[in-house]
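Two complexes, one shared chain (chain A), two partners (chain B, chain C).
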Partner chain A sequence: MRPAESSSTTPASPSRFDVVVVGGGVIGLSVAWRAAARGLSVAVVDPAPGSGASHAAAGMLAPVSEVTYTEEPLLGLGLTSLARWPAFAAELARESGQELDLRREGTLDVAFGADDLAALGELGAFMEKLGLPVERLTGRECRRLEPMLAPSVRGGLLAPDDAWVDPRRVTRALRRALAGRGVPVLRERAAEILVAGDTVTGVRLASSPGTTADVRPAFSGALDTAADARPSPDTAADVRPAPGPDTAARVVNAGCVVLAAGAWAGGLAGVPEGVLPPVRPVKGQIMRLRSAVPVLSRCVRGTVHGSPVYLVPRGDGELVVGATQEELGFDTRITAGGLWELLRDARELVPGVTELEVADVVAGLRPGTPDNLPLIGPTGLPGLHLATGHHRSGVLLAPLTADLVVDGLTGAADPGHPCSPSRFEDRA
Partner chain B sequence: MADELIIAGEKFSSRLIMGTGGAPSLEVLDQALVASGTQLTTVAMRRLDPSSQGSVLEVLRRRGIEVLPNTAGCYTAGEAVLTARLAREALGTSWVKLEVISDERTLLPDPIETFDAAERLVADGFTVLPYIGDDPALARRLEQAGCAAVMPLGAPIGSGLGIRNPHNIELIVEAASVPVVLDAGIGTASDAALAMELGCDAVLLATAVTRAQRPDLMAAAMRGAVEAGRQARLAGRIPRRRYAEASSPRVP
Partner chain C sequence: MRPAESSSTTPASPSRFDVVVVGGGVIGLSVAWRAAARGLSVAVVDPAPGSGASHAAAGMLAPVSEVTYTEEPLLGLGLTSLARWPAFAAELARESGQELDLRREGTLDVAFGADDLAALGELGAFMEKLGLPVERLTGRECRRLEPMLAPSVRGGLLAPDDAWVDPRRVTRALRRALAGRGVPVLRERAAEILVAGDTVTGVRLASSPGTTADVRPAFSGALDTAADARPSPDTAADVRPAPGPDTAARVVNAGCVVLAAGAWAGGLAGVPEGVLPPVRPVKGQIMRLRSAVPVLSRCVRGTVHGSPVYLVPRGDGELVVGATQEELGFDTRITAGGLWELLRDARELVPGVTELEVADVVAGLRPGTPDNLPLIGPTGLPGLHLATGHHRSGVLLAPLTADLVVDGLTGAADPGHPCSPSRFEDRA
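Entry: the complex of A and B
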């Protein structure tokens, strides 16, 4: 089942790829995997794959419980992608030999206090109007489902079709699968998109070879130094560029470039002004706790006196508590206030969290766009495709994004798609 | 002659001041701000890096809307003064909406810390617009301390409870010689119209628009309500009567 790693470290790198993907997070790796499955020759460039927003993300696949006024288009995308997750995960698990911890027990959204309950009631009415499957529960019913919930819970909404997955396992599995397919993941920083005439010809790599210690510059996609410094069990799956005329010039030639660099996608050199994706970093601080016995059996989110928090349980006893949303540029500092808010609200939901071990604290940068919808597909620069701007929904939208990008790479893009980058290109 | 709002010598033709918190996306916020017709909008300095790209500040700049930095999230005069100074440095404006809250649950303004901070900021050359409870005595004291406007609440921030004590708002308006801006508590258009009918010079609101099901439509409603309320105030309402008075002339 599992591809032999030794064979995957020496792929026959062509001198010119069909596609080079800039960014090795859940989006870039998914795109590369699906493109390779479609028979395209692919390379991925990222100094520290899987260490950016994907490393921080909780992995909620929760389009129903995350629905917001004015964001019906995002809901539609989320539902479509959620429906593709089971097959995507099954195929990825088979190909990589890795468990993804995909779970489908739904999300329970709970309220404390009359104000939060009233707001949840309104949200429930909005969901019902949209025809979404939700169940309204009393406080007692909530606690029957999740006995560790605080007794003060007043009521809840259960979105039974919501799911979740461990994003760190997903990126690890994707790298294994890519290795199995002989797709090189170059641990390098992309410095510039190369254009000849009006067509993309590849990517120039940063002058100094990327190392895990060298991930701060603009296109690393990497945030969490502690995690980056940790030797990854999958490092063997990634390769340095094979020596050759092209890599000596530190250039990866390709027919198409997919820009999947998350929050960093907005500033890559070589991309014309009107084509640069309008993404901005939206900081999220997130905490992982560990318990010997599972505390929850499904995702629980709640509003505590107007402040939102969620708890995501993993099969191995990990409990993810997230997440702040801060507009502070490329700032990944972990702050006292951020952690305090997370713990304060998590403790209101589940008083027992205070007994748990703190396993991990990370700040990641979500790639935000003006309309909260991602940018997916071909751009005004022939050969340049985007797969970024997924904000809070990168893990959820990965299967759909990969399919849409591959459609675009094979000339089957829908120019009228709500995620088409053309919606911003006219504004520049 | 144009009916302008004048704060510290600055003229605004719109009497609706917007806040930016709570919008689901920058695009929705942008559409709402345009629909509101606002010319002055508050931004929370503690939740923003002014130098970052694609932020709410960029939306305001693109729309030519003046930025009013606020000190939201501060619990002490010391924090508020520091935040105001950082804002002045970062944004190049000496205007500040002074907001010092007393507790998380109510977010009610702390009168003592607010007054303390106001005195220090005025002395430091700031144009200070303090957010306060609906307290006529405190409003007067802040005006005497040199504040450029006073911003009494209608109800707690984000509560949408409307104007809980219209009588106090009228008393504040009556005594004030600086503009009175009704700040916080607006739930829907009639609340904004009432604020203007009571004699407020402007209304500041955010949540009522940003968390509405259709923020742009609610913003347009608020714009109309503020204009209608202002016109009604200027026109002068008729006295209330216990019994009817025929509106058509009696036939002799």
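Entry: the complex of A and C
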């Protein structure tokens, strides 16, 4: 089954690619698109592209309002990537002919009780110390910005530079852009990374395509048949350009493999023990509500009963409510408790959501890492690159990740980068 | 378009039936089945049989625990129909080859606070006065029967003779039984009752089949593809026997029409003003939870924050949570508020539901009447019979309704029956 050994990168051909990307979420597709734009021959392998964590993501591009006291390196990555989003989105929209709904009206973080308000005040001071743009608002000022907010909101912090995007539009646009560039997106499951000598030579496909268990599309409502809903196997975005690789042989030969399989990246066969990325699945349940008129004009977040909740408005009147954070392994069930929390918290922030229609609820698995930073770039196994471990920041960090991975593929990686996979390798 | 006038009942033929039933829910299908068993030639007209209020019903057969102070006539009907359920179910199971999951372990009505407990005590005294079988239980006794009940349950009333059934199994079994008897179930929308002189002659079908808006199948989960899930247009139950009526002519000729269209029964064209049934839609949202092990061994109900909630266990470990009651016209949206109420109330009764998977949520429209009693039997328009207005009791009252309607079709109706439509006719 193994292909002949080959350690140098050769021009694109039906039988051998410069790069095969394992994983067709927002990260894998972004990497593939940017690599193709750099002139590399690329293939993507995913049994259900765009149906994983990307499908369950709210799409907040909010490094400022998501800053936490111990994670300043993540803030830096987020700010860098946010700065690249407008150009990334504009180029992607132009190439795909698809609007992305990138919006830049900021995030409003609100507080209810006195304790909440004090904590928010401290966070504001921390943000100011970091030089981040932030405005402190009274409860009345919050409601002036967002009239649907609960009367009990006591105050808030506005992060005016935060943005958001619709991740389902992004993955769809990326698939269209890849189709336009002749990059095949193979609806196959990668079974094993192939290695000859000490170098990666490609990917063996599973004997049957199979499906991911990442997102269980429970609760896909009757109205969820719109174009931006659950990915369909029949979308034009998946036109496979000819000539494609010979999948009958069940092997995709490539000079490099980029492992962008999210929470599953830690379990792919063929990757040596010391190089396997230490990712774990962090479950998130998210709900989409439908409204005839827009309910909010910017992202709103708050802490309800100790758990953070956010509401993200879409251009078509939809309101995304997210998200639970649960450490339950590879479990993607929609639970009564998870759904109840989302509904309770959303009602607390914006009581009027009670009247809205529930369009769908999905669960996804985020790839968490021990230090909450992603794993991006070349590994100790020549030819194997990582692009995973983005936890809650996959959509935000997609443009930066794509650039970093392409740097690594073209020999320009920075080995001292905080996202370098080397920080977890060969610890024993 | 009108068929030739004909006022006498003729033998079954492809072009004329003794009876056409408008509405293929549990009521219409039961009527059709019993009428066919009595030797009448029957057809049913429904664009989506079994997908309306029957699909959203929990299936409680609980006349005792549902008794209210002002509705003793309804109690009598319920007790009579409950007594007919075992034979009805046995015969239907035999004829359809389909188990119905009829269970008879009773209903446990529980109380939380002192006020609740006092109200339940009074209800118990009322039941005893009516001679109904009921047992008063302490909180501890309740939890001994149902260990998953909340620790805060203070006491309860057990109605040991109450029963329940799976309505989706019932409509499926009825469709199979009808197919076995050669009764066509036409997937068509009835547009108009046809009248010649002062007598009903049949039904004109809509120019295109259309669909009902009764149940919006939002939230049909991935696991909802089991056989007992949302009715499919392709089930064997809908094998249409040949020769069927000539639907190309868009008319079904019949000696009698039974209007069993639930909440829509009040709006059918062709029915004279004074005879139109005074039904209104009462929306109910219901949720199915999935459990690997049974959570309850009988129906449990209670009053949470002033609204009644019930939990109905299914044989396969499912738990049905119902139901909201909303007067919003023909609105079948699943709303954030409705879903939140169901989840809140279910958690209050049985905290462990938090861990269960949400299998689906559906909304249906019950046909309410001014006096909360159904409308069953012949009307002032010769040939037009009603079987609607069952509100929350459609499944319970199906066997009795079928018998009463067949009595009316065969000339044996009791004009003084409390369900007689005459009580609302020609009031002006």
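Basically, the second predicted complex is superposed on the first by the 378 of 428 C-alpha atoms of A that agree within 3 Å, B and C clash if a C-alpha of one lies under 4 Å from a C-alpha of the other, contacts with A are read in each partner's own complex, and residues count from 1 in each chain.
Rule of thumb we're sticking to: a residue touches a chain if its C-beta (ideal position, glycine included) is under 8 Å from a C-beta of that chain, and two chains touch if they have at least 3 such contacts.
As the structure is a computational prediction, the values presented were derived from the model and not from experiment.
K.L.:
Applying the document's definition of touch, where does A:Leu289 land relative to chain B and chain C: first, second, both, or neither?
P.N.:
In the superposed model, A:Leu289 contacts chain C only, not chain B.
K.L.:
Any idea whether chain B or chain C touches more of chain A?
P.N.:
C
K.L.:
Between chain B (first) and chain C (second), which, if any, makes contact with A:Thr335: first, second, both or neither?
P.N.:
second
K.L.:
Where does A:Glu273 make contact in the superposed view: on chain B (first), on chain C (second), on both, or on neither?
P.N.:
neither
K.L.:
Considering only touches as defined above, state whether A:Ala346 meets chain B (first), chain C (second), both or neither.
P.N.:
second
K.L.:
On the A-aligned overlay, A:Thr354 touches which partner chain: chain B = first, chain C = second, or both, or neither?
P.N.:
The answer is second: A:Thr354 touches chain C but not chain B.
K.L.:
Based on the superposed arrangement, let me know which partner A:Gly368 touches: chain B (first), chain C (second), both, or neither?
P.N.:
In the superposition, A:Gly368 touches chain B alone.
K.L.:
Residues of chain A that sit at the chain B interface in one complex and at the chain C interface in the other, please.
P.N.:
In chain A, no position sits in both the chain B and chain C interfaces.
K.L.:
Could you please specify the touching residues of chain C with respect to chain A in the complex?
P.N.:
It comes out as residues 216-224, 287, 289, 333-337, 339-340, 343-344, 346-347, 353-361.
K.L.:
Could you pull out which chain A residues touch chain B in their complex?
P.N.:
68-71, 126, 266, 278-281, 305-306, 326-331, 368-372
K.L.:
Which of the residues in chain B come into contact with chain A in the complex?
P.N.:
24-28, 30, 47-49, 51-56, 104-105, 158, 211-215
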